[in-house]
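First, the structure itself, so that you have it in front of you.
For reference, chains read A, B, C and D in written order, and residue numbers begin at 1 within each chain.
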Amino acid sequence: MTNVGIDKERMEAVTSSRPTKRFKDFMSKLWKHRKGKAGLIILFGLVIFALIGHFAAPYNPLANNAAAFQPPSHAHLLGTDYIGQDILSWFMVGTGTSLVVGFTIAILSALIGVTVGVIAGYFGGKIDDVLMRAVDVLLVIPGFPLLVILQTFLPPTLETTVLILSILGWPFLARVIRSQTLTLKERQYVLASKLSGLSGMQIIFRDIIPMLIPIITINAIFIAVGGVVAQAGLAFFGLGDLRSVNWGTELYYFFNQDGIAYKAWWWLLPPGIGIIILGLGANFLSNGIFETTKPQKGG
Amino acid sequence: MNSIIETNQVTKEFVTKRGFLKRTTSTTRALDQVNVTINENEIFGLIGESGSGKTTLGLAILRLIDLNQGKINFFGENIYDLKKRQLFNFREKTQMIFQDPYSSLNPVVTIYKSVSTPLKVFHKEMSEEQVVDKVIQTLETVGLTPADQFLNKFPSQMSGGQRQRVGIARAVISDPDFIVADEPVSMLDVSLRADILNILINLKLKLNKSMMFISHDITVTQYVSDRIAVMHLGQIVEMGESGEIIKNPLHPYTKTLIDSIPVPDPNKKWNTDEIGGQISEYTNEGKNECSYANKCPFVKDVCRERRPDFKEVEKNHFVACVLYD
Amino acid sequence: MMSFPLLEVKDISVEYGVDGKTIKAVNHVNLEINKGDVVAIVGESGSGKSTLAMTFLNLIEKPGRIRNGKVNYRGAKGVVDVLRMRPVDLMRYRWKEVSMIFQSAMNSLNPVMRIEGQLRDVMIEHGTDESLVDAKIDEKLKLAGLTTSIKKSYPHELSGGMKQRVNIALALACDPKLLIADEATTALDVVVQRQILTRLLKLKQDLSLSLVFITHDISLVANIAEIINVMYAGKIVERAFAKQLFENPLHPYTEALLQSIPTLEKGTAIKGIKGTPPDLSKEIKGCPFADRCPKMFDRCLAEPPELKNVGDNHYVSCHLY
Amino acid sequence: MITRRYVIRRIIYMAITFFVAITLVFLLPRLAPGNPVLIILLTKYGGIVKPQQLKILESELHISGTLWQQYISFWISLLHGNFGPSFYYYPQSVSSLIITHIPWTFFLLGTSTIISIVLGVAVGSYSGWKRGYSDSFLQSFSIGLTAVPYFWLALIFQLVFAVLVVIDGTHILPVAGAYGYFVTPGFNYQFVISLLKHSILPLATLVITSFPGFALLMRNTIVTVLDEDYVLQAKAKGLSLNTIRKSYVNKNAILPVATSVGLAFAGIVGGAFIVEEVFSYPGIGYLLYNAVTVYDYPLEEGIFLIIVIVTILANFAVDLLYAYLDPRVVLK
């Protein structure tokens, strides 16, 4: 053949798999999608807000040197709480904690869920049976009462709460991933990879997991939001680490320290609005990812 | 002529469970004591309707499913006895071309990566430059010229016909001895089929490949094949030289099949008097009877009493039917 | 004697808006179907043949839209344009006058309704007397070659061939004048395909139906159709009686198509058509087949050819004639 | 279609789920190192406890004998329906406490689930069928509502109806309890009215936060179903829009909603519990909240096991309903 002398540049162009370019393409598509863009902006905004809170909150959230139950004023933009702590600072720092909680739960749950789902779906047989029965059991036990029982006996720290929520957060994802894997493994290119001599693990990482990334991301986003809400709910129930500064404990103190009697709406609104904004951002972003990655209908 | 593949009493059963408030299991024989021999440097056509077991046989010959019974020899060695290392060597020597050009290429993997994979796995000694050269050369063999411009493309940037060529390139690049082509043109537009079929014929003529060509379309099959086997409900009912099968079909099923083919001749209008009866669905449940007995116009009592033998009626022309006893 | 077409398509164009692009799926097509005709429309995927058939029932839906043209139907009350009917009239026209067997037999039956129910609702809504419905359901199922016992089944309990026959029974439910079969047998095995198509031809004779077959399989239409339309890139490029078309194909596309299909006679080599069909979202200045045509010359790139009668009702759209 | 095999398998699987839940409840206190009784006493009560309570704790936790013997005696008492005495409400038994409180939870859960499904399906099918502006409005509205956390909404209702909107010293709507202080429980007009009034805010909280999920799902499946070939064929058949909608679209679109009810139910349970806490509604969620506050472990465990049983049965019922709705489903 005449093509023996291939220059280095072309070699690289041919052999690189170009994952960064695919990511860039995806991001630019997402940015063009109205909801996807809105989701990105909202979530990015929340992160910035939390970062500012971490480094430059107006007050130490746990310093109680102002008068209690002060409505919003110049000194305290969101007023003060039952022992005179600055609510804006509380909320800013709390946003950070809640976001970290959600993010960690999402990562841990997604790791477990994807591993279980892909293994069950790809290898099938007995492993699949056992794993899926476990998933069914976990799915049917109502989460909140189970959380209450677990948190009662485990040390009341934020870490245990995150751990429990991660351990309980994956079953639904595992089920979704398994059914997707079952479809994907019927694709002829999986058989082609097998015939090309690739091993099961190589096929999983080449032909299965890349296709699952959008659906994993979408589910992880919902797990993150669910985790934030669940942690807040637990804290609200008086469980977990009540000294931690986050959205849930803010609501807990509002409810248990006469926030209602003092009509302290400025205390109640921020955490709820925070959760709503997070939920909206997550919804928009996942909707954007879904619509920009779904396969085009063939003509 | 040397045989490359020899199947011996190959049987594969699928079990389905169903029933209302009481459990029944039914067994379907996808392959029922199949004996075929595929020779070196030959295209062996396998035809049958959907559900006849033809794809299952293709998968069995590549050891992609487990058998209930029987053995399959590849160059005289039973592939179901191969150990891990030998199986790897067997994989190197066999390949498959798929039906669906859209599902047979991973959409996020470039053409270069798809096609080069068998080479990189089976020929680890090759340098990257050699691999690129070989990929380019192979793409040009299947008519993707200039090959350069396809290397970095993703499947979504190519047409169905081009993708099917990529699939063929992937199958031949590691220089296998034997290829199973499973309905390789049935999803392509009519005007694109001819080129693909001609490429397959050239693989045999120029590269001395042996092939099993699976299809439901007799016209297409006889165009590429040297010999044809007709499959019905998991059994081979007739086998012979392809011209002979078309001109002189023996089995009643083969006759019906050939009669039903549309021919591009306006003088052969279909006769509206010969309306067939009701269609019913049958499966091979492994009963001791001819698999065609339920539909055959020439059915006799004996057809339901035993299975007809698969015998050579004329030279190299085999049929399984009591009419030729 | 003047013959009046049963259905007359005049200068129809259909577009699809996808991803900000406009795809011209059907481009200024004219077609006539006379009473008792068996007409075939042959074309490869993307040629616009199914879209064209959809206009007969005014069934084009978003993102598609009919750009211009008329579909004139000659009914009991004279000629009406199907595309401009009042919704009430359109409901009455559909299925009662023109019915259709869809390509996707597997998916075109309602999965949660028994076969019986799907025949019953269309009969009742088109005014069949309640007391006659049961007998008619049985009659139509028998016409389609099915045992009447399957009426109690759900679609998922039937095989592909049986579902397609249910679709035939459905298409006959209201005794239409014209039946469109859109790739009605593509997914089926050849034996079943032949059984179903001969049955349709028989029904055509017995019930004085007109038939339109839409298919990609040019061999198939030779055996069943009287008049054949060849479609390419949204246009009819050739129309002739079956005998003429196969014995004397005029358009280079038809010629190439016939050369690309294998026949049972051994030894005749076949060859494909090089290139791919044009991108219908782009403006095509000349003949849409020009860049794949072996006989292409300058004029082909400059101006689009018209569909002309070159004698004996043989129409072709090519600058060679 | 439901096979016997399915029913048997399902019963076994329900038993397994229950078994896992019970074992978890049994093992949890033992996971912590040391004597669980001492740990509870020291950490939760600072060691100050009546001798009587110490006894209850010991018998309740079944801490005599080997782990295996403890486990068996734990099972035996459970099988007798005996969750032991409550730690805090002594001498009332856990079972009697649950029995007096659970009807309220059933009422909240049942009513809110049904209203949410009906409302969700109605809004979703309107939205999916209509498309256009009202659809995008309803969609954004539903998405917005799904993001609202129920406990926060409950607090907003509290704030508004307990202190902000009080006319002449009376509340427009009651904000605590299940019925008024002065009415006598029974089938009398005053009681029923009081009951309904008290349920408005808790129900509203639950319905507002859970119906949008059903609405979005219904809307999306309607949109998918409208693309199906059988809907196109139904249009070609010249059927009236009403028939197409009823027999072809809704009948198919309702199926995914039916499957989601089981999962959603497990979620609504959590919502109901917190709502009971906020509105001092005397269901088992409120009871659980109190149990958590006073470290009444036997009570927590009893409530947990009861709610597990209820959810398992609800899921089973949903599966049967689904098999009834979709002829294609064979429950094997």
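Everything below uses one rule, namely that contacts are C-beta pairs under 8 Å (C-beta built on N, C-alpha and C of every residue); 3 or more make two chains touch, one makes a residue touch a chain.
Every value quoted in this text rests on a predicted model; they were computed, and no experiment measured them.
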Which pair, C-D or B-C, has more C-beta contacts? B-C
Most centrally placed chain - per-chain CA mean versus overall CA mean: A
What's the distance between the Cα centroids of chain C and chain D, rounded to whole Å? 55
Computed distance of Cα centres, chain C from chain A, in Å: 51
Per the C-alpha means, the centres of chain B and chain C lie apart by a whole-Å value of 32
Could you please state the distance in Å, as a whole number, between where the Cα atoms of chain A are centred and where those of chain B are centred? 48
When you check chain C against every other chain, which residues touch at least two of them? 45
For chain A, which residues are in contact with chain D within the complex? 133, 136-137, 139-146, 148-150, 152-153, 172, 225, 229-230, 232-233, 236-239, 251, 254-255, 259-261, 263, 265, 268, 271-272, 275-280, 282-284
Applying the document's contact rule, which stretches of chain D touch chain C when the two form their complex? 228-230, 232-240, 243, 247-248, 251-252, 255, 325-328
List of chain A residues in touch with chain B within their complex: 1, 3-4, 6, 11, 13-15, 17-18, 22, 187-189, 191-198, 206-207, 210-211, 298
Contacting residues of chain C [partner chain D, same complex]: 57, 59, 61, 90-96, 99-100, 102, 104, 107-113, 117, 121-122, 125-126, 154, 156, 170
Where on chain D is chain A touching in the complex? 13, 16-17, 20-21, 24-25, 28-29, 31-32, 143-144, 146-149, 151-153, 155-156, 158-159, 162-164, 262-263, 266-267, 269-270, 273-274, 277-278, 288-289, 292-293, 295, 297, 300-301, 303-304, 307-308, 311-312, 315
